[in-house]
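Labels run A, B, C, D and E following the written order; every chain starts at residue 1.
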Amino acid sequence: QKATKQQTTDTTGDTKEPYKIGAVVSATGPAGPLGEPEKKTLEMIVEQINKDGGVDGHQIELFIEDDESNPTNATTAVSKLIDEKGVIAIIGGTTTPSTLAMKPETAKVKVPHIAMAAGIKVTEAPNEWIFRTAQSDAIAVQKVIDYLSKTLKVKKFAILHDSNAFGQSGATELQGRAPGAGMEVVGVESYKTEDTDLTAQLTKIKGSGAEVVVVWGTNPSPAIAAKNMKQLNMTIPFVGSHGIANKSFITLAGTAADGVVFPAAKILVPASAAGEQKDAIDKFIADYTAKYAEGPNSFAGHAYDAIHILVQALEKAGSDNEALRDAIQETQGFNGISGIFNYGADDHDGLKTSDMIMVEIKDGKWTEKK
Amino acid sequence: MQFDQLLQFIISGITSGSIYALIALGFTLIYNSTQVINLAQGEFVVYGGLIAVSLYAGAGLPLFAAVLLSIIIVTLIGVVFERLAIRPLINHSIMTLIIVTVGASILFKNIAMIIWGRDPLTIPAFSGDDPIMFFGASIIPQSIWVFGITMVTVVLLQLFYKKTITGKAMKACSINQTAAKLMGINSSSIVLLSFALSAAFGAIAGVLIAPISMVSYSMGGFLGLKGFAGAVLGGLGNPIGAVVGGILLGILESLSIGFIASGYKDAVAFLILLLVLFLRPSGILGARIKEKV
Amino acid sequence: MPLLEVENLRKQFGGLMAVDDVSFRVHRDQIKALIGPNGAGKTTLFNALTGVDKPTSGKVLFDGADITGKRAHEVAEIGIARTFQNTQIFANMNVLENVMVGRHCQTKSGIFSCMLGLPSVRREDLESEERAYSLLTLVGLEKKAKSSSDDLPVGERHLLEIARALATEPKLILLDEPAAGLNNEETSRLSDTIYRIRGNGVTVLLVEHDMGLVMEISDEVVVLNFGKKIAEGPPLLIQQDEQVIQAYLGQEIEHA
Amino acid sequence: MLDIRGLRASYGHIEVLKGIDLRVDEGEIVTMIGSNGAGKSSLLKTISGVVRASSGEITFKGKNIERWSCAKIVATGMSHVPEGRQLFGPLTVFENLQLGAYTRYRRDSKKEIDEDTEFVFEMFPVLKERWKQTAGTLSGGEQQMLAIGRALMSKPQLLLLDEPSMGLAPIIIQNIFAILKDLRKKGLTLLLVEQDAMVALSIADRGYVLQNGQVVMADTSQNLLDNEEVKAIYFGHRKKAH
Amino acid sequence: MTSGRRGRLNKQWLWVGLYALTMAIIPNVLANNYYMKMLIVLAINTIIVIGLNLLMGYAGQVSLGHAAFYGIGAYSSAIMTTKYGMSAWLGIVAAILVGGLVAYLIAIPALRLKGHYLAMATLGFAEIVHILFIELREITGGTDGLYGVPAPSIAGFAFDTPQRLYVLVWMVLVICLVMALNIAKSRVGRALRAVHGSEIAAASMGVDTAKYKIQVFVLSGILACVGGSLYASMAGYVSSESFTLTVSITLVTMAVCGGMGNVWGAVIGASTLTIMQEYLKSYNDYNLVIFGAILILAMVFMPQGIYGAFSDLAKKLKHRLQAIPETAGEQHAAS
């Protein structure tokens, strides 16, 4: 924050007023592993843009608030950003509950809002002011459903999901879409993010006649599940969620990670992307790795897409809130990390199932599963 | 329900239950010298695991050396914590001390986040990952380590309290500091000892579960909660109670996954805990203290 | 009708019969003493009478009504107050407030009227305060009214407990070793106080090891030993009772 | 054995000991009398290290102990039967006695400690009967016996007794004073505080009169017993029976 | 002596007036939504901690489960308004009724427990409630929570901006404060403290200990529910994540840090910690490290809480001021 303040004083001369942008992420708390790369990405991209002369000569002043994965904090953070800092647009939050808590706030004061959370409700009506860059759970789930019914051709599967928002939303969607694809969900088990052992849930699933187990959650539990399945000698396929699209899963699960398949953004296997999107992904990976000495994950990608879409719209429409909102809504063919975005009046998600791929872990490496 | 399935539920329960039990033992130690519930106990567990990860994966020490050194370091952390934050307040209300441990848990947790980052980490199991079959149910060797060490510790601890004068002196300190002083007990070093041991127990739990459940900076609160619940269920201050309570809690959770619904497993476990408390207000093995008026 | 009738009262702790088939009566305006060796069951008897502990068997009649097994606060409301051998001072209150708690029985304001701070509550409060203050004067603690009760020496704690018990405006007061921690002069002041309490129409049942006090002020004495009643009668006779001397008084008494 | 000079101590900003001078020689029984709140208990607490002295000197067996911890003082051979008994309520009678001997566990053999336990049990047979009962459930008098017995378990050379007769039956008091005299013959030194000035002075060699945190009189017991002023103030208008 | 007591009482109401006035003025100085919201949160925390302090500081009964009542209040309000279309006022009434009933039912068995056992029981209860918030998806919206909670309104005037809502919260706060102060110094307050000091003695003085423990538990539960209900109106959104164990612990921490056994302690504790937590957020990752460290230091240097530390200081100063003329007098007499 200090750094950005200094910029304001530096730019009081003949340059234009800076654009103030606010972001709310879960940099700490249970969603910290998701929010932190988002925060890092936002900082990095804004620095890049400012170095390149900003947006039409306006520097970007970025204010990031950490909601500690708690929606109560998210609501006050939004107010702080809008009312105290005077930001013209909001990015965030990381988790669905936080985002849902922010949604009425931004709508009330009519500030364009780009979310990075996956829950379906995020962009459900009323959604005049909110957009998102994360693949909606609907897309990830559809990807998995397609994989199960078309590639694996199974009839029965079981769900093991985190009891948090991410897991619950995924499980609900899976259950909703299975019958349509001619499949039956024979078991739904949940766990708490911190649980130390999942053999009990898996034992139940083992007895349910499931042909596949779909695990919907973020680290470390899916890794524990993979290990526990090995322990219980369960040989049915393990299909994960995009929540395990990071190196951490492979490290934690070790050999048990082999053969695990999950939906993910193309950033995981850059080769799966093509053309301009591939260039963007490659550059992002290179920049991020250079700056932070570790590779970006798909969550970092959500932040990348959010800030870039916003900047594009700012370039087009300036800072007037109505105009900015319309400009975001008119985003077409934006080559983002998570996919190629085409927003529209009735589509504030902008992505399609084809923006995701199924990834398989082989010998500790990600490969695209065709 | 088939037998092997039921057995697997029980074994799963014992696996997590032994972890809770080991943590509950840490609570017991500090409770028995100060009547304080150390809400930073889970942080000792986390530090045990994380430091072991750093020493093993980072510094490249052999596994057992890393584990041992980690336990020693955490013990020292416990000692420093006691000297700086507990000692000055030892004559004040228990509530004040508990809030100090709340502060410590917040502090420790977030320092861990800065040092080790937000992602969970792990170390290899002590004796491999190949499960052992037992009447159709399977156990991983690491769980046997946890269970075995829990059993050994509880026996040692029980002997310590029953047979040694230091063990009795420790309880004396928690009951009445002035009287303990009048007996010539150096309560300061006794309390220090209890914090050192308790930190060590926490670290042991941490290194033991790092291969099973991974460790991340944020796990302390959850583990502490389960340990506390186990200690209370069994009866505070009683090491055997702590183990009984911890393991029972684990089994209750896993059976409620098996017979009720996994989403409600904690609710069921806590509900039974409440019922037990309402029937036995001092836990399963806790002594009902009555003072004469 | 006697004020208090204890009939075949028993209290058992595990294998120990701490109070064993004890019966006696306390008449109105009497000062009655209950004595006996350590562990004879005196305090246990008090606890059973006042609802602190449930008696194992037997009956307690107060003013003709059966009060066996009533809970402690009900017993207090009926008109029996007590002090404690191991004093139970409310350490988180000052001396005056301690006595004001004793006024609980005699006041009525519930949580709602208190919340609203109704004038009736305030009136009741002031009255309680004045009454409490005058009771402190009775036991000689008025100077310490505003000091912290936690710092009181043992002797004064007993006096405070007497004032607090009197604040409930009891018909019967049970005193458990009130002279403990008092020196001779203070003890003689205590005996004046006890007379005055009786003078106000409060019957007194007293447990005490200070034989000087017991023999001086009591009208009648009951002696317990191993939970059983071994003697009952006027002080002079009790003093000469061979069994009582053997079990309790010892030989020196005769030289005095 | 014990020599106190100019001792001052306070609770917060209330000074309760205002320059006490007091001496106890080896093998003596010395008593302190004074009215409620005179500071007798506070003086004993300051000697045994429970309360810190703000100034002055306490010499015990030739060593300056006013800055020592309780634990060190006990280990040097002093033991204190405190006001209010201060037992370990949830522990058993036997465990309380064991803790009384805490400082001896490293020094003495188990046999010696067992013998002393036996000695205490002989002194108070009730305690032997109740050895497994938790101290908190004992009767008041039994607790007092346990407090005295526990203090003796450390085999002290100097015993500080704060109203040892409190709550005890007359017959037991007679016993205890007989035993204390006995112990004195075996070399135990006693500093005794009793409410009943007469009883206290009758077994003591010398006595101090405390008032308001100061020593106002110091003399042999006989002289104090005969002193009209002491009689008037401390023996009261009424003679106690024992 | 009675006049002295009157004087003290008057002084107390002076403080209440001053506090109410300050809380009324602040919004005029710091007029933006963010500060208003912080003030609302601060006031809500104060309301809850006042109740918690009555329970813990006065009656000596520890609760690690007040986040549950906070949540029950918020959810009751949210469910009544969003699912059944009731007005926000009915939502608040429902919150009080539901919360009071739940508190009553849990208090009966729980308050037979003591100390850490009671703490565990309340904690367990809160965990169960938290799980129900997550699992009863039809009613609570699961982890997505409920949104669209309307603001209360009177005769067409809606408390729908933070500024307006604050007026309502401020009124509730002042009422709660006055009621708590009234209880604290009353017969009931003494009964509660007596229960804390010695249950046996309290009972022997005629205090129905069980009744008072239940009453104060229910009262503190209701205050937390009122807080939750107001919170739902402010945020317009309710989710289980806002009512975790951490929240329970934070509330207890506020009570202890402020100073237990005094209503003003609750006010000070809740205000200080709320402000501090918000202020420290600018330190990002170091935020909670600093917070934890301050918490430890605060306890080490102010073991009786902030209120305790200041009243000690005041006593010392008073003593010193009194000592000066006294010694001067003595010298005079000596000469």
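Rule of thumb we're sticking to: a contact is a pair of C-beta atoms (placed from the backbone, for glycine too) under 8 Å apart; a residue touches a chain by one contact, two chains touch by 3 or more.
Keep in mind the model is a prediction, meaning the values are calculated, not measured.
Visitor: Among the chains, which has its CA centre at the largest distance from chain D's?
Guide: Relative to chain D, the chain with the farthest C-alpha centre is A.
Visitor: Work out the mean Cα position per chain and let me know which chain is farthest from chain C.
Guide: That would be chain A.
Visitor: Can you work out the whole-Å distance between the CA centroids of chain D and chain E?
Guide: Chain centres of chain D and chain E, defined by C-alpha means, are spaced 48 Å apart.
Visitor: At what distance in angstrom does the C-alpha mean of chain C lie from that of chain A?
Guide: Spacing between the chain centres: roughly 73 Å.
Visitor: Determine the centre-to-centre distance between chain C and chain D, using the mean Cα coordinates as centres, and give it in whole Å.
Guide: Their C-alpha centroids are separated by 29 Å.
Visitor: Can you list the residues of chain A that touch 2 or more other chains?
Guide: 28, 163 - these are the residues of chain A that touch more than one other chain.
Visitor: Can you list the chain C residues in contact with two or more other chains?
Guide: 43, 52, 84-86, 88
Visitor: Would you mind listing the residues of chain E that make contact with two or more other chains?
Guide: 134-135, 200-201, 285, 287-288, in rising order.
Visitor: Touching chain B in the complex: which residues of chain A?
Guide: 28-30, 32-33, 36, 163, 189-192, 194-197, 199-201, 203-204, 206-207, 219-220, 223-224, 227, 230-233, 246, 248, 251-252, 254
Visitor: Where on chain B does chain D make contact in their complex?
Guide: Touching chain D from chain B are residues 165, 168-169, 171-172, 175-176, 178-187, 287, 289-292.
Visitor: If you look only at chain A, which of its residues touch chain E in the complex?
Guide: Residues 1, 27-28, 65-66, 68-72, 75-76, 79-80, 82-84, 95-97, 100-101, 103-105, 109, 119, 121, 163-165, 167-169, 172 of chain A touch chain E in their complex.
Visitor: Which of the residues in chain C end up touching chain D in this complex?
Guide: Per the touch definition, chain C meets chain D at residues 13, 36-40, 42-44, 85-86, 151, 153-156, 177, 180-188, 191, 209-212, 215-216, 247-253, 256.
Visitor: Okay, in this complex, where on chain C does chain B touch?
Guide: My answer: residues 43, 47, 52, 84-86, 88.
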